[in-house]
Amino acid sequence: MTELADPAPPPHADTSGDVVLAAAGLTKHFSVGGRRGAAVHALDDLDLALRAGQVVALVGESGSGKSTAARLLARLHLPTRGSVLLHGEPVTARRGRAFRAYCRRVQMIFQDPFASLNPVHTVRYTLTRSLRIHRPELHGAEREAALRSLLDRVQLRPDRFVDKFPHELSGGQRQRVAIARALAAEPEVLLADEPISMLDVSIRIGILNLLRDLRDRLGIAILYITHDIASARYFADEIRVLYAGRAVESGDAESVTQRPAHPYTQLLVRSAPDPDQLVGERRTATWSSGARGEPPNMVRPPAGCRFHPRCPFATDLCRTSVPALTGIGAGRSVACWGYADPDEHAGLPDLGAARQEVAA
Amino acid sequence: MRFVLRRGAFYLLTAWAAITLNFLIPRIMPGDPVQALISRYQGQINSDSIQALYVLFGLDHEASIWSQYVEYWGQLFRGELGLSFTFFPTPVSEVISQSLPWTVGLVGVASVVSFLLGSFIGVLIGWRRGTWADGVLPVTAFLSAVPYFWLGLIAIAVFAVAWPIFPVSGGYDGGLTPGPYPEFVLSVLEHSALPAITIVLTSVAGWILGMRNMMVTVTSEDYVTVAQAKGLSEGRVMLGYAARNAVLPQVSGFALSLGFIVSGTLVMEKVFSYPGVGYLLFQAVGGNDYPLMQGIFLIITLSVLVANMLADVAYVVLDPRTRQEA
Amino acid sequence: GPPAGGSGGGGGGGPLTIGMPNGPQTNNSNPFLNTSSARSLGYAFAIYEPLAQVNAVRPSDRPTPWLATAWEWNADSTAVTLTARDGVTWSDGRPFTAEDIAFSLQIRKDNAALNEDALPFAEITTSGNTATATFTSPQFVNQNKILNLFVVPRHIWQNIAEPTTDLNQQPVGTGPYVLDSWTPQAVRLVPRQGYWGGQPQVPELRYTSYNDNDALTNALVSGDAQWGWTFIADIDTVYIGADPEHHHFIAPSGLAVDALFLNAEQAPFNDAAVRKAVDMVVSREDVSTLATSGAFDPLTNVTGMPMPAGDDYVAGQYAGRAYEVDVEGARRVLADAGYVLDGQTLRDPAGNPVEFTLVDPAGWSDYLTSLQLVADAVAQLGITARVETMNTDAWTNAVNQGDFQATLHWTNGGSTPWDMYSNMFDGAQYRPLGETATWNYGRFQNAEATQAFATYASASDAAAREAALHTIQRIFVEQAPAIAMISRPNAAEYSTRNWTGWPTEADLYSSPQPTGPQASMILMRLRPTGS
Amino acid sequence: MSALPVGADTVVAGEPVAATRRRLVFLRNAKCITGLAILAGFAVLAVVGPWIAPYDPSAISRDVLRPPSGAHWLGTTHAGQDVFSQLLVGTRGVLVVGLVAGVGATVLAVLVGVSAGFLGGLADEVLSALSNIFLVIPALPLIILITGQLPEAGGFTVAVVLAATSWGWGARVLRAQTLSLRRRDFVEAARANGESTWRIVWFETLPNLTAVIASSFVGTVTFAILSQITLAFIGVTSISDWNWGTVLFWAQSNQALARGAWWWFVPAGLCIALLGTAFTLINFGIDEFVNPRLRSVGVSARSMRKRGIAPRIGFTPVVAPARPAAASKVEETVS
Amino acid sequence: MTADILSSPPATARSGRALILEIRDLHVDYGYGADPVHALRGISLTLREGEVLGIAGESGCGKSTLVYAATRLLPPPGLITGGEVRYHPPGDADPVDILRLPEAELRASRWQDTAIVFQGAMNSLNPVYRVGRQLTDAIAAHRPRSTRAEREARARELLTMVGIAPDRIRAFPHQLSGGMRQRVMIAMALALEPRVLILDEPTTALDVVMQRQILEQIMDLRDRLGFAVVFITHDVSLLIEVADHIAIMYAGEIVEEAGADDIYRRPRHPYSAGLLQSFPPLHGPRRPLAGIPGSPPDLQALPSGCPFRTRCPHTMPECAQVHPRLAPPGAERGRRVACLLHDGSHEVPGALGA
């Protein structure tokens, strides 16, 4: 088990790092046929920068477009609008050699290790395929050595695991194989789509620690997708919160979790089970009774701020105009009219104490 | 809505393709109806009448296949199916309308009975799996594998010839004029008993197995356990919760199997000398009677399509999930 | 209509059910069409009557006058004058006249599709109560065919624009019965009033179509049907055995046979020696007993003439000469022709093994069993013969075009043996391989035979005909152009439980089959059993 | 080991436990083994039948229509042929036609079904429509029509025709399964890893369809055998190729039953039913593999009854008598 | 109202409440054959009126098996091979053993006394019936004399109670979101006002916001209606917030049982401690986390002695020999733990002793 547990708070999101993969205005609307133009607005205008050696967490409730973002970045979907930039170059490849080259640099890990490994293939086959595709120069003994070192890297003993079928492995072991498969390409970017949500509680931390180790040792840029904001705090350098396909807040992990700015983030943080809260210090009745209801219908998302139907502070402005993601200092930005300059707009919602907190 | 359109398009396309296939198959095959007629009468037709028959059937002149195709569609739209060769000069539509009710009556009813009975038995043994009820399975496996013509012939030999409980053949007593009076209806029932029983016996096994497997699958669904946890009565849980869901795939299976059922009819009607379309088709094929063949294929294909459509509808009625708007 | 009572008990009488194995029927009573239910089931001839009743199983007997009371041929058989019977009325009450006869011939002349026998009519006239038809060629051999033609009422058919497609659902004829009701299951006929021949006894005829031989067999066995014709294997056990007292099967031969046609334009049957050898080893007895379970008689006379119908025609030198299996003789014939037996294999003079294929349509089980017997028999000579099946279309084609080596096929029966022999090997019917031949499928050519056939058909004196026939028979015996096997009888099954008066072996007044023009004659002779 | 959901649609991969290197493990199932044993028996007969047959099946003899005896185990036909030899020799025809048709139809079904499922879009629409047409058109009449018209309706022709007309069902099932596989994570993962489409189809998707393909194969073989026998029985195909249908054909056209010659008619039908049962049993095994819920509990109903276990939904059986003594063993609950 | 769910009553308050359900030495096997899986081995637990009993543990440790066995709803091939489940009816009536209740009585008792909300609400509703029908049919079965209108009114009332508009009574399950379906299930469970409500991971499929909403609702209802709750989850941190009393299960056994606060602050079993270590905290200092190495044992091949010893950081030689019994650790009352470290003869490591 890794001993990489890192008790010190991570450095503030280091914006100076090398941007490996970036998304600019990434938008995806899934056509659902039937009535003309009906589409699921899965993701709208996502800007994102993944830097070498950094973890960006994408947090949001189910259906908020997290996986869509990952799939767009992996180019499993084509964006409706916007572009993916690898080292500043727009990526266009969709198949063939160029796509393979892209795959080699950007690898994805899926949520469900039970489903992402083909049940009919051994670990050896799965990893060898990856090596053959991405490192065709390796042959025979070299490839075997590479295979073993991959398993070593994900802390699976090669002799024991190399000839196993997925069903002979536990969930954590499977997820490690999936990670090894991604590493076989020696990628610069790992897109990890909820890599631990399907795993048993006791082994989740192991996988996160492993990923963190890879980030630190190989300098890989990681996009970490989760709905568990506590794990994002634990693992990520930067957190970006998605709500109904739109980014509503971003900032370094610690401050976003400790001083959430957007009403939705606040709701999220407050909803997370936290035994320490037993002491019952800062829970105000207004908060918990305020945000209720269901996530919006993504075929006809609410106009204006998409959170407004559930937001206790919503005003008419929120119902009509989309707030942009704007900086509120200390590397943080939030898309909420509550933080807008009251001089420029009339009728802004008053977030009251919540706002004061962030500023603190 | 989109679903409806798609299904509609599918049905139209299938209908078109089937009709075209119907048109093509007999034409690209060798052989002609006159020769078939001669061989059918094996020496009873004077060989000198061959020319007379060619003249009679109007087979002297050759039209291009394309113009025949156009003509064929023209006929279809006019509701004409041409004149049968075997029953020259009776219009195909008349020949078919005479025998269709019998097939629908016998095979339709027997198939439905077999479906219902099989599904019901399947429900019971699926619900009671792991008990003695599983012993039914090998029996059904055997029944489903018995060729029905074989069973039918044995049934005739035993129950119509050796112990004449049932009539040997036909759809009703030849002394009766068809009409809705009790004696005739009784005669029809009497005549259909043996074939119907044979059809049911050989086809029920499939439905039992299908339903049983679905029941087993469905009974392990949570909602069945929930129903038990609610303390509902056994019957309600079994029928309202388990069987109600398990029957869904059976419905579409039933519609699709109609094609096979019709195929089965053919030999069945031959064996039992039943006056239905199946045997008619067999005759038409044997007699190279293109117009009749095409007519029957058309009717069968269209009715299978219609049955599928009905099954679609039934499915939508039975399964609210398919009614989803948006 | 009200339901009629069930079939009568042992006391005799009651409706008579006549079964045919012809599958579903449609309501069509056009007597001219093979395809109509009237013809398929045979009730056409309970309604429409022929000019004269020809006894198909005693073809040399003089036909019984029926609608024509007399007929007069000219010397070279190119014209016939027919006298219409007096006192005959159509079932609609109109009188029957010579006009009707003339019309019935004329309609055949005008519509090739109705002229089933392809008779070469020239001119048809009437005068008083006679009608006269002339022909473009001598019709001696076709005399019976012409007398057997049925007559339709002119006053009805002259108004029918398309006699080939008319359904004629209310048939009007001169016969003893009229159509009462038509249903797909059964066609009911009842006696008419005022039939010229008296009052028919059978109160109701039910013509029922069964889907196939098996169904009809079952119906005959169980007594559901009392008259019909279908081939029943092991008929003694299956049919007669079911009710030995009442069930009867008679199969009197006419002048038709089943013969193995041999392709004379292909090895090995281009050599008469091989044909003769095969002819000598095939046991007609076996074919009859094994293939037809004895239902059809084996041919006994070497001329291939079925007996007793052919009694009068056998050339003197062959009288009493019976077919005998003679393997040694056959070997000698082959040896004389230069064939050698090389171990188990017979080799022709060129050294090639002698082998051939026997073919018939799949499904004709009696034929196929016969072929197996032939194959079995020739094996004794060292000849390898294989039995192959084809579907009927392909087979018809192959046979017509000469694309076969040996096949079992029937011949027509006529009033004279001419039809039978001509069908087998008349050079006039010769067509080169690949062209469609109507008869003489074996492409046999022999100038002497061809001449004899022509002479027989056109000669005006009996002696010349007899001489020609004897020539034909001699060539048949010596050259074995085809191998006649069994007679092709006019067979029928009937039950005497309710009705008697059927043709019997003792009183073969007519072919016993229910579907021919003889039907009206038989029906008029039926009497309730025990009366 | 884990109770985590593997996705609601476990139909294809089956329980992960079962997908091992030996992908055909589904054959190791009591029902399956019974079926395979019967099939193997027939297969052996198919190979050696013509050699061990005591008589030439076509050879005519004077022993006409004899009931079973030492000389003729299953009696003789109307022409004195040995029925037992006919059945023995006929086995090969039955199996070969069934297998050839099964292989042909399965290959077609895989090609059409998997392509339709994988390509999607217009190709899918066209291919699905095609397979639906073949489902909707009544197969047997079509087969009769085609075979009836072909010049040589021997075993191979019949097999080809059967293959050409009976792939629809398999294609439909395979398409549905492929569709559900196509969106599986491991297929997506392969795609995201840069695998080519054909490799995804052949190496990622198809192996997961083994059981479905096998089941469709077994189903088609059964259908092909029954059809072939029916065709032979109604005399559409060559009757000189011996198979069980031919035996029935001859028996029927010579009124075997009416003549009391049950030995001529009954055994062939029983052979067909037995062979069909074998295939059905094999399919049971495959079904249970594909859908683990169908697996039997592995204990005979009788032994369970003996132990007083009556498995029921919603009423878990309780065994072992009440043990009041046991209560004392339990630690007193925290007070 | 959140304050209510957070205020866990002190452990000692337990004894004051009346018993409702007593599980004694429950043994459950999967498989009827010679080689069954021993999924539960001698489970004993008590549930008292109005309390929230939490059961936590890794996937596959037998949580669901326990509650299904206790209600005899375990599907084949489940088999109860021993033990008792005593239900104490209200008043002074004698307790009945659910495992030995005749079928008709058991049927009558179900849903009246004990109602269950299943693990997957998605699959707990019959997809072909409207929710209204499913809400009312239990009422109809148990209150045959009620009228249709009464039942319908009750169904509306129930829906309102769980925060769903009553007009959704005509909706089909697929027309509802996951959260709504889960609430419908809860409403259904409350239809007959049972004394015990069993919740088997009712919120795992939902995201945190919805999870909290539902939990608040349940706890709110508990306060109003006074039923006892058995709450199953693998999320200990959630349990600590919600439950009064917690039982930690491992490989078919209970390894520790104590008040919620005690478990959180002073876990005594290394497994409990490990579980707590597996959740990164959202607030407070970031602490090193290691989870629990390895994976749960195969129930068919359990290690000798303590089933947890292969993963235990404090394993000792005798752990392989002795199967630890559930007993109060040292002098502590109101809790039990199955670990040799606490048998009094060993030095307890700091993390497990404080």
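All chains are identified by letter, namely A, B, C, D and E, in their written order; residue positions are counted from 1 within each chain.
Assume a residue touches a chain if its C-beta (ideal position, glycine included) is under 8 Å from a C-beta of that chain, and two chains touch if they have at least 3 such contacts.
Every value quoted in this text rests on a predicted model; they were computed, and no experiment measured them.
Student: If you take the chains that touch chain B and keep only those that also touch chain C, what is left?
Tutor: D
Student: Along touching chains only, what is the step distance from chain A to chain D?
Tutor: So the least number of steps between the two chains is 1.
Student: In terms of C-beta pairs in contact, which of B-D and D-E ranks higher?
Tutor: When D-E is set beside B-D, the one with more contacts is B-D.
Student: Using the average of all C-alpha atoms in each chain as its centre, how far is it in Å between chain D and chain E?
Tutor: 46
Student: Using mean C-alpha positions as chain centres, tell me how far chain C is from chain D in Å, no decimals.
Tutor: Centre-to-centre distance between chain C and chain D: 50 Å.
Student: Just give me the whole-number Å value for how far the CA centre of chain A lies from that of chain B.
Tutor: A distance of 56 Å separates the two centres.
Student: Could you tell me the distance, in whole angstrom, between the mean C-alpha positions of chain A and chain E?
Tutor: Here the centre of chain E sits 32 Å away from the centre of chain A.
Student: When you check chain D against every other chain, which residues touch at least two of them?
Tutor: Answer for chain D, listing residues that touch two or more other chains: 1-2, 4, 148-149, 151, 252, 258, 297, 304, 311, 313-315.
Student: Show the residues in chain C shared as contacts by 2 or more other chains, in ascending order.
Tutor: Counting only residues that touch two or more other chains, chain C contributes 214, 218, 221, 391, 393-394.
Student: At least two other chains touched by the same residue of chain E: list those residues.
Tutor: 59, 68, 73, 75-76, 120, 295-296
Student: Which residues of chain D touch chain C in their complex?
Tutor: These residues of chain D touch chain C: 58-60, 64-65, 78-80, 148-153, 235-240, 249-250, 252-255, 258-260.
Student: State the interface residues of chain E toward chain A in the complex, per the touch definition above.
Tutor: Against chain A, chain E makes touches at 1-3, 6-8, 58-59, 163, 177-180, 206-213, 216, 234-238, 240-241, 261, 264, 274-275, 277-293, 295-296.
Student: Hey, which residues of chain D end up touching chain E in the complex?
Tutor: Chain D residues touching chain E: 1-5, 297-299, 304, 307, 309, 311-320, 322-323, 326-327, 329-331, 333-335.
Student: Spell out the residues on chain C that touch chain B in their complex, using ranges where they run on.
Tutor: 1-7, 15, 17, 23-28, 30, 33-37, 112-118, 164-167, 181, 183-186, 188, 206, 208, 210-212, 214-215, 218-219, 221-222, 224, 256, 361, 364, 391-397, 410, 412, 423, 438-439, 488, 515
Student: Hey, which residues of chain C end up touching chain D in the complex?
Tutor: Contact set of chain C toward chain D: 213-214, 217-218, 221, 232-234, 237-238, 290-291, 293, 362-363, 365, 368-369, 372-373, 376, 387-391, 393-394.
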